[in-house]
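The first chain written gets the first letter, and so on, giving A, B, C and D; residue counts start at 1 in each chain.
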Amino acid sequence: MKRQIPLLLVLVFGIFMIFQYFVPHESSEWIYEFFLDWIYIIGIFALALGIWSLIRVSYDKIKYKKPNWQYAVITLAGLFAMILFGFDYGRHFFSAEGLSNYMFRAFFDYILIPIQATMFSLLAFFIASAAYRAFRARSLLATLLLVSALVVMLRFNPYFGPIGPYLEQTASWLLNVPNLAAKRAIIIGIGLGMVATALKVILGIERAYLGKD
Amino acid sequence: MNIFDRMMSLDRRWVFLFVALVCVITYLIPFSIKINITPEVKSIYDHVESLKAGDYILLAIDYDPNALAELHPMTYAIAEQAFRKELKVIFVTLSQNGPGMADQAIRDISDSLRLEKTYNGITYPARQLINGKDYVFLGYKPYPALVILGMGQNFRLPFPSDYYGTPLDSIPMMKGVLNYDQIKCVIDFAAGNVADMWISYGQGRYNFPLALGMTGVMGADYYPYLNSGQVFGLMGGLLGAAQYESLADNPGPAIDGMRIQLYAHIVIILFILMGNIGFLVTRRKKQV
Amino acid sequence: MKFKMLLALILLCFVSAVSGFGQSAEEIMALPDSMAMAPPAPPSNVRGVDTDNDHGHSITLTWETSPDDGAGLNNVIGYKVFRAESPDGPFIERALIPSGGTGHIDVGAKEKDANDYLPDHVGFYYKVRAITADSLIYAESEVFGPVQSYGQWFNTGRVPVLVFVIFFLFVTLFFIQKAKGGANLFVRRLAGIEAVDEAIGRATEMGKPILYVLGLGTAADIATIASYTILGRVAKKVAEYQTGLIVPCYDPIVMTVAQETVKASYMDAGRPDAYYEDMVYFVTQSQFAYVAAVNGTMLRERPATNIYMGKFYAESLILAETGALAGSIQISGTDEIAQIPFFVVACDYTLIGEELYAASAYLGREPLLLGSLKAQDYAKAAAIIIAIIGFITMNFGIEAFKHLFYVSN
Amino acid sequence: MQEMSIGTFLWTTLGAFLTLCIFSFLYRDNPFYKLAEHLVVGVSAGYFVIILWHNGLQPNLFNRLNDGNFYLLWLNSAAPWYMIPALLGVMMWTRFSRKWSWISRWPIAMYMGIAAGVAVPLEMKNRVNLQIYSAMTDIDWGNFFGGSLINSASGLSQLIIFLGTIAALFYFFFSKEHTGVFKGLARFGIWILMVGFGASFGYTVMGRISLFVQRIQYVGDWTKVAWSGISGTYTLVWFITFGIFALLAVYEFIQFMARRKKEA
């Protein structure tokens, strides 16, 4: 009961959706769209579980005075403040006007955006340190990786005089030829792996996600 | 620990520091760098340079704010060059958010023209751009393919009046200018498939010289048209824009951007080389 | 509505342009000959059929171009397609095709209250007008009709996909049967996967936890599903060795499923008491906020091993570099092609692409999973053979073989 | 420089401060990074709650079940069958209870079934059918050498793409040991993969650098505003901000010296 019904549901819904793909008729499309809505709505309900987990972990940190517990207070404050602003302090539960609340927008523009953009921009540094650390001519494979990356990075460097244009052409050759071949092979392999995994789920061979008992 | 070991196992914070310093310094201190010029960009510059005062060119501003960083520098450099040479410029846009882009470009370039400037050793006097005498901005119309075809018959068909509402017939510089036959070249700055339409419906049908400025991602796909001679020049991305700025001796945001990129790349490459020298030397020592 | 307004606008422009010429005789004099033009010949042979392989509400039209399109008078700049519910009209304009066009698919909305609703099973009449730059000069084809649209129950354009899916299903079932029968299925070793075991052992020795990141995928992403199975194996080993496990999650459903998986593994290992729910916790559903939190965890908890399996985007390198800074051993696997190079560069072991999907079978060594791995290999062999045959036939000028594999939409 | 109201200036100051907090992570983990990190986690989680409520639940569920009077009188609504997903959503919440949590597997199972079922034909088409189809290229034999070895459009390059794809696929075979001819092919396959990865890595560097440049601009613009106001309105704000960073520097220096002593 606790495992059979879920496995049956996976099988039925899975097979149905596979065949749905080959039926262009309106009624089949309607069901497809309805199901996608289901998934979306289930996902939103599940967010409550996520938020509960976040609150509980933070609360435990504060309660048991775990290391850095002070910061958990900031997390909770940020969470509740944002929810409060988003409902316009409770004035707009069922209309989207809360989204235009001044504080809600200010928090978005001046806290979320700068921090996220800055996290993203850390890549400028990490791409440099990763290149320094890992691009060593240790083996033939590592050397291929290193040389190919160097050529592409040098493609617009003006300090190579007459060989500059050749460097640029080589770089575009590397991007358009071996890179394309590598990508195509990986895509085909991934496609087959995905189909195999999805079939395993539908057939109930892969069932780790259902848990036990 | 000798110097080679040190070269291999540098604290990565030195890498961070150098990258940050180089970016900040190259950002703060403007200086020009040498840019490799490719023939497909140079041919656009040469074409514009070969025109005489009073010749007409058409600039199509077919991009919106998303592609501004890459395409605006091209528009600025070419329009500045054209106006300094006293060419007459017709602006048109086939992209929905294009009018804002064109409007901004025209305003900024008129400001810049009010100053006396020297490009490639030639000093150009300050001049006041006059709408309708030096340039005309036709505005935006949907259905790019039909607009391109229609302009081949007569500009007045898709655009009876310009962007500001003046009938084309009462604009002095449009007198006797009917269609592409009176235009010396069309340069399309495109961030979408409008470029294809300029190639097949414009150049393909009316056979005028066409050059393209595109985003970096798109650029590579259009080289076949260059080989087949359908377009006489091609600029791709910030790199293409920087080449044009450098040809026109008019350093702007594209060269600024390239300068930062270039030196950041050089720093990274130097670190990679340093790591490898250290690695190779220490390995040889171990083998001995 | 918008569409009609735009058309009206264009029409207006064209009309005002023409009337504008009256003001100045000089301008008319200057017009090229083609402007004072004769009307072009009309397009001919207009035909319409229901569009195949769709949900209905669409009709495919074809016609032959006007003799004056690109030749003759050479003044046709495009075609306008008109539709009506009776042969006498009223006709409404449906499309504008640049010159040279010989067809159009008239797609309407399927919702009854939409502006361009095109009902199924209703007869429609079409005509095509060759237009010139001058809106007053044009030529119309004869009216064609009636033609009806309707939806299909099978998309024949997707037959190649169906064949592939059925072939694959068949091979999978075959090998699973074989595996159940006890056949010994050989699988070569994969360094990245064997490293997982080593890494868990190392964590035990160091007395430090293992950080398992499921990536930014939702529970619906196949990469995430593959990742659960790997998480299950890792959690089981972790429970056996009594090492710590940290699983920060990005998606709440993924968190729920991961909790089930880890709990089941602890039960399998006979240590349900050691399991607690907050091993697997939710962080936030925002990419870089999530990364900020995981980065902080790495530097504070100093896990011995970081495992990244699932869907990763730009954050891949941020995570992997921070992990390397914290001195952790790192094993990664993703099907996001753009991110594989970064993992290859920054991690100790990387499962490239489909190796991620093979990993669960490897770790478990369960015959059923190995069976499906075999099926994957045979499908790959089939793909290679098809590609080679197609390549050879193409270069001998035979396109028929390649066309067998054409998927129309 | 555009004019800024004092309110906007204060908010921008916060943005610039948080930007620097995140950058401080490059030096090492520190209280400022922790502050920004925990703040962004809370705020972003709250942001998603609100967005999913207003832009998700409202239009996709509530409005469909709304019959015009009251949200619960859903039977008269336009789409009463939307009670099913709502019910499934509520079933997810059984996870709050230990005893009933197994019920949550039903919606999860449907979710997985739908996801897997959609993936099978779709991934087969997009990744397998289409890629094999485009791998069957017609080589441009007339332009085989294309003038130079590094011409991407030459017939030779097309041939390399095809052979590279096949060889890389060979590399991924799991059920055969890499020996003999097979070893050679797989070897060529992994070379292609590595060259491709290197090129792709090198290509991305450019875009990443410009991300950092944008952040420099953000802080730079703020500094300009602050500087222009140093003798006027913003003096106090500017000094406070400067003071915070000065204190941070001093704190770090003391810590650093202390660690030095310890190590020595």
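The criterion applied here is as follows: contacts are C-beta pairs under 8 Å (C-beta built on N, C-alpha and C of every residue); 3 or more make two chains touch, one makes a residue touch a chain.
Keep in mind that what you see is a predicted model, and the values were worked out from it rather than measured.
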Name the chain whose C-alpha centroid is farthest from the C-alpha centroid of chain D.
B
Quick check: which two chains are joined by the most contacting C-beta pairs?
A-D
In whole angstrom, what separates the CA-based centres of chain B and chain C?
33
So what's the Cα centroid distance for chain A and chain C, whole Å?
16
Separation of chain A from chain D, taking each centre as the mean of its C-alpha atoms, in whole Å
5
Listing for chain B: what residues touch at least two other chains?
12, 16, 19-20, 23, 261, 264-265, 268
Touching at least 2 other chains, the residues of chain D are 22, 25-26, 34, 36-38, 40-41, 43-45, 47-48, 92, 95, 105, 108, 111-112, 114-116, 118-121, 123-124, 128, 132, 135, 162, 165-166, 169, 172, 193-194, 196-198, 200-201, 204-205, 209, 212
Can you tell me which residues of chain C touch two or more of the remaining chains?
158, 161-162, 165, 168, 220, 222, 225, 253, 256-257, 260, 283-286, 288-289, 292, 300, 340, 342, 344-345, 352-354, 358, 373, 376, 380, 383
Viewed as a graph of touching chains, is the assembly arranged as a line, ring, star, complete set, or other?
complete
Of all residues in chain C, those that touch chain B in their complex
6, 10, 13-14, 16-17, 20-21, 23-24, 27, 30-32, 34-35, 70, 75, 77-78, 96, 98-99, 132-134, 325
Using the touch definition up top, name the residues of chain D that touch chain C in the complex.
22, 25, 28-29, 33-34, 36-38, 40-41, 43-45, 47-48, 92, 95, 104-105, 108, 111-112, 114-116, 118-121, 123-125, 128-130, 132-133, 135-139, 141, 162, 165-166, 169-170, 172-178, 193-194, 196-198, 200-201, 204
Could you pull out which chain B residues touch chain C in their complex?
12, 141-143, 145-146, 149-150, 152-154, 156-160, 167, 169, 176, 178-179, 181, 197, 201, 205
Enumerate the contact residues on chain D facing chain A in the complex.
11-12, 14-16, 18-19, 21-23, 25-26, 34-58, 60-62, 71, 81-82, 84-86, 88-90, 92-93, 95-96, 102, 105-124, 126-128, 131-132, 134-135, 148, 150-152, 157, 160-169, 171-172, 189-205, 208-209, 211-212, 214-215, 218
In their shared complex, at which residues does chain B touch chain D?
13, 16, 19-20, 23-24, 27, 223-224, 257, 260-261, 264-265, 268
